[in-house]
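Starting off with a structure, shown below.
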Amino acid sequence: MIDVIVTGDVLKTIAKALVALVSEARFHFKDEGMHSRAVDPANVAMVIVDVPSESFEAYSAEEDVIGVDVNRIYDISKTIKSKELVEIKVEESTMTIKFGSVQYSVQLIDPSAIRKEPKVPNLELPAKIVMDAGEFKKVIQAADKISDHVVFRSDDTGFYIEAEGDVDKIEFHMSESELIEFNKASARSMFSVEYLKEFVKIAGSGDILTIYLGTNYPVRLIFDVCDGKAKVEYILAPRIEE
Amino acid sequence: MIDVIVTGDVLKTIAKALVALVSEARFHFKDEGMHSRAVDPANVAMVIVDVPSESFEAYSAEEDVIGVDVNRIYDISKTIKSKELVEIKVEESTMTIKFGSVQYSVQLIDPSAIRKEPKVPNLELPAKIVMDAGEFKKVIQAADKISDHVVFRSDDTGFYIEAEGDVDKIEFHMSESELIEFNKASARSMFSVEYLKEFVKIAGSGDILTIYLGTNYPVRLIFDVCDGKAKVEYILAPRIEE
Amino acid sequence: MIDVIVTGDVLKTIAKALVALVSEARFHFKDEGMHSRAVDPANVAMVIVDVPSESFEAYSAEEDVIGVDVNRIYDISKTIKSKELVEIKVEESTMTIKFGSVQYSVQLIDPSAIRKEPKVPNLELPAKIVMDAGEFKKVIQAADKISDHVVFRSDDTGFYIEAEGDVDKIEFHMSESELIEFNKASARSMFSVEYLKEFVKIAGSGDILTIYLGTNYPVRLIFDVCDGKAKVEYILAPRIEE
């Protein structure tokens, strides 16, 4: 039996984060909070969502794993306001989502029918960059108009995002002093904009993004969202540069 | 000769209310105000619009019936602001709509060429529910994503709106204390969402909606809109439950 | 070598003004400022853009002519905020556009490959009308829903814009006292709405529009935009009335 209350923004963010990669996911409820992770069908990206129990307005949950139709939750979450309180209850094979005078009942999916969660890979990534997530979002959206891939690179002069089209080029650069945190390590990898532009949908101006970057290696993008109430991490495989 | 002045919101609401069901309508101008009613081509719903003469900023109208291309009035009304003053004049077969420095002239339609108005049926409907129209609108729009029909039902525990999809369900419930007025009578009928979602377009938060409900019987939905300046009533036939 | 700084609104307006008629244009940088003009492929309209050097936050430019892909500049300008400072540099065959932490590099076009600028015709136009550009924009957008052409006319009773559809008509009228300036001269010409609706995209409420009108003659529409920092003039050939 699960019975929790959370603000609308958290439910909206969880749904948006997962729907970027999968249509079904397992939600783990534990004493320390709610956790979900999944890889996309092409095995290119992983999403890891964590909402600690303290981020809920009320949290009463036996340890349990449930299977969720993420698209349905996403559709429902769009009708909820960010500050609205939402009660989520799980009883047997039904999840009820209640806010205001409205209650949705959604059939759960047998978790064993959902693709098993991947192990989180142990990555050694030399460069650490901390920046405003809204700024990152703007650059990815601009790059998307020019090219289907971007290069992330860092060295002691700062962090760079570069995209090149047929006749034009966009370069984003922040030096150490403009970044929130930066260890000046050198790294360089290329990524698909297709994925990145889905990831940034959860990000707003004021949210903190921590990037761990290596050379021709996956990148970790850790978004601190909903005023720190939820953490969404994306791990994205690099594209091979020709 | 008709020469009246009205605020933009009233003209916008009249046009929106009628365009939900018909493309042409007769407008009756009488001493007590303006009246129009029409049924949709499928004979499933009726709309009744009343704007008393006191709701006009100026009202000078000989008793008359005119035939109006509702789509044109709707298009024009979209370019008018809610608080703008609009002068509507009818001379011979032309209606002029004037606001700011702009004046539209629209050709009238011979009223005898428009389908005759229906008689308003005399319905005995046991349940009376009064609630915020904006709240009702939200539920109908949410139900529309799940199913093509909804059940309205009431008993001494309150008023319910329910929609059921293939894998999920939405239930709206307000008890007597949450409703503005409620006589606790029992009733239950099913309706097409297709119609309801058109009806609620005129409703805003703060507007008052009065519902008269029976069992497997038409429903009356009376919207008090534009700060009480206009009354729009819809009568909708029930769908037969299997 | 060109190196100038300008606010986002000016760059956005220049791009929007030109993209209404052409996809490539020559930009002239002179001591007194930046100038560009072009005719559309059908030779029906001309656009003349002038931004005096005082309207730039910084202006350092050798006299030069460059060839610009207007569509690219327009796309980029959409990602810039109106009050943001933008640095535009031209070195050899590359234009860089820098704002915030983002820098675009755009390949220039050989100016000799772009259609030569037209001479500005010397027109004797009797009527002069000065009015709010936002008001003009609203009328053109309304006329566009009714007809593909409009008549501009003036006489001692004021300035008129008229459009006539199959069953309806729109008339805009401002008397001398409602206009900012008006010399009461008589004139009348008909124009294509297709062009006008592109022109008005640069206009906002509060901007000043000066119209010079003749009879069956081209019209000059001079928009003072960006708080007077830029001047965009359109010259539009009349349509022959049947």
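Chains here go by letter, A, B and C, matching the order in which they are written, and residues are numbered from 1 within each.
One rule holds for everything that comes next: a contact is a pair of C-beta atoms (placed from the backbone, for glycine too) under 8 Å apart; a residue touches a chain by one contact, two chains touch by 3 or more.
Since we're looking at a predicted model, the values are computed, not measured.
A.B. asks: Cα superposition of chain A onto chain C: how big is the rotation, rounded to the nearest 5°?
C.D. replies: It is a rotation of 120 degrees, to the nearest 5.
A.B. asks: Would the interface of chain A with chain B count as same or different, where same needs over half of all numbers used to appear in both copies?
C.D. replies: Since fewer than half of the residue numbers are used by both chains, the interface counts as different.
A.B. asks: Can you give the whole-Å distance between the Cα centres of chain A and chain B?
C.D. replies: Taking the mean C-alpha position of each chain, the two centres sit 44 Å apart.
A.B. asks: Residues of chain C that contact two or more other chains, please.
C.D. replies: none
A.B. asks: In the complex of these two chains, what residues of chain C are touching chain A?
C.D. replies: Residues 69, 72, 75, 79, 100-107.
A.B. asks: For chain B, which residues are in contact with chain A within the complex?
C.D. replies: Against chain A, the touching part of chain B is residues 135, 138-139, 141-142, 145, 167-174, 178.
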